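Labels for the chains are A, B, C, D, E and F, by order of writing; each one numbers its residues from 1.
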Amino acid sequence: QGGQPATTAAAEETWLPSLQTRTPQQGFDLAIGMARRAVRTTQPDVAALKAGRPGYAEDAARLIDVSGVAAAWFATIAAANDYWRE
Amino acid sequence: QGGQPATTAAAEETWLPSLQTRTPQQGFDLAIGMARRAVRTTQPDVAALKAGRPGYAEDAARLIDVSGVAAAWFATIAAANDYWRE
Amino acid sequence: QGGQPATTAAAEETWLPSLQTRTPQQGFDLAIGMARRAVRTTQPDVAALKAGRPGYAEDAARLIDVSGVAAAWFATIAAANDYWRE
Amino acid sequence: QGGQPATTAAAEETWLPSLQTRTPQQGFDLAIGMARRAVRTTQPDVAALKAGRPGYAEDAARLIDVSGVAAAWFATIAAANDYWRE
Amino acid sequence: QGGQPATTAAAEETWLPSLQTRTPQQGFDLAIGMARRAVRTTQPDVAALKAGRPGYAEDAARLIDVSGVAAAWFATIAAANDYWRE
Amino acid sequence: QGGQPATTAAAEETWLPSLQTRTPQQGFDLAIGMARRAVRTTQPDVAALKAGRPGYAEDAARLIDVSGVAAAWFATIAAANDYWRE
């Protein structure tokens, strides 16, 4: 435990309190949310992001890439939830 | 357990009740289904998606990408099912 | 166990009865087979796929991508077989 | 333990003392930090990197790629923290 | 165990008897070998592959991709060898 | 254990004696080193590689790819070191 200081993060809003979700579907939604949050580290202007979406939503290559990125985030969330095994 | 609120998801349909499937082949089908569902988070218009498919189905690069994305979703589903070991 | 219904799959042929293989090399062959099966979810016309192969077989970028996709499928199959440890 | 010599690293600053963080959100921030550090192994000029960011921040393909790379770093950090399970 | 038939493979040469290697470096070499073997499932003409190599060896994007693909194969081989821990 | 012969490797220099490092930062450095070594399996001319670097160091797509490849190598090294947990 420890190693990375907590001071700077304390000044920011908490948007990721946990990787645990109640259901796989909520885990899927969290994966999409984390994928988008990562985009905002490079392009923080949410309005610009939403303005660009109609363009690449027509582009099959981008849509396939989106799914691959979502799968990568979901893999970690699913492991964190022990795959929601009953 | 917990962390992510369940309230918004409760209002949506449940399309992913579980990552468990009876057979590897059903796991494969679920992987394809999740891959497509992730695409719809960006392009919700299913008719537009189906209309675009003949175009990229001729494009080897896109088809190879599709398989890589399916593999990523399948990896998580297979782990969730303990690889359907007997 | 359960979650995903078995009814639709029952009407299809069984092409993936198991992820287990006797040898690593058979696991490699299964990985290639699953990679191609995933392509067919988007381009079901096998004749069209085979017709396109000479074109992209000359394209280094596509060939490298093919290997990356095969690696992703093989990773899951190898884990399912506990890496064929003796 | 051992194998790789510690001598050259001792002369450099320590920027990665640990993969452990207190919260998932700090793990996310560390993932972004490691992703950028890896870029600097090829382009050490931070001013040049920041100068180029407005250009690719408009490019959907690059932004999706950024998210996929962040997911890859986060996967390792999350495993290192046992997913911040309580 | 079982599931996939052994008959067709028995007629082929055995090129992958095991994922186990004595050292990490041999595991690295095996990863490169498997990456190339996967390419040959699509382009079986080794002379054509070698003829094309000088071209893409000048292309930074292809070389970076090669390394990513090698990493994917190596990940599985390293796990199969329990990371050559002593 | 065994399977892959040790004879050819014995004639080469040993550049990867172990995946173990003392610190996460040394593991990061090893990941960069392995990523570059994999490139050299295709382009062995180190002078040519260094000559090409200024070109792609200006290209955001290549730099993002570099980070993704580094993440893939680091994932394996981190697992090999049990994430340098104390």
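Assume a contact is a pair of C-beta atoms (placed from the backbone, for glycine too) under 8 Å apart; a residue touches a chain by one contact, two chains touch by 3 or more.
Since the model is a prediction, treat every value here as computed from it, not as a measurement.
Q: Chain by chain, through touching neighbours only, how many steps does the shortest route from subunit D to subunit E take?
A: Between subunit D and subunit E, the shortest chain-hopping route counts 2.
Q: What are the mutual neighbours of subunit B and subunit F in this structure?
A: Output, common partners of subunit B and subunit F: nil, no chain qualifies.
Q: Using only the C-alpha atoms, find the rotation that maps subunit C onto subunit F and quote its angle between 0 and 180 degrees, to the nearest 5.
A: The best-fit rotation has an angle of 120 degrees.
Q: Where the centre means the average of the CA atoms, what chain is farthest from subunit D?
A: Centre of mass proxy via C-alpha means gives C as farthest from subunit D.
Q: Are the interface residues of subunit A and subunit D largely the same numbers on each copy, more than half shared, or largely different?
A: different
Q: In whole angstrom, how far does the Cα centroid of subunit B sit from the Cα centroid of subunit D?
A: For subunit B versus subunit D, the centre distance works out to 28 Å.
Q: Express in whole angstrom the distance between the two chain centres, defined as the mean CA positions of subunit A and subunit B.
A: It comes to 16 Å between the two C-alpha centres.
Q: Enumerate the residues of subunit A that touch no fewer than two other chains.
A: Residues 17-20, 53, 56, 61-62, 65-66, 68, 72, 75, 79 of subunit A each touch two or more of the other chains.
Q: Connecting every touching chain pair, does the picture come out as line, ring, star, complete or other?
A: Shape of the chain contacts: a ring, since each chain touches exactly two and the loop closes.
Q: Going round the ring from subunit E toward subunit F, what is the chain order?
A: E, F, D, A, B, C
Q: Quick check: in the complex, which residue numbers of subunit A touch subunit B?
A: Result: residues 17-26, 28-30, 32, 53, 56-58, 60-68, 70-72, 74-75, 78-79, 83-85 of subunit A touch subunit B.
Q: Which of the residues in subunit A end up touching subunit D in this complex?
A: 1-4, 6, 8-9, 12, 14-20, 34-39, 41-43, 48-49, 52-53, 55-56, 59, 61-62, 65-66, 68-69, 72-73, 75-76, 79-80
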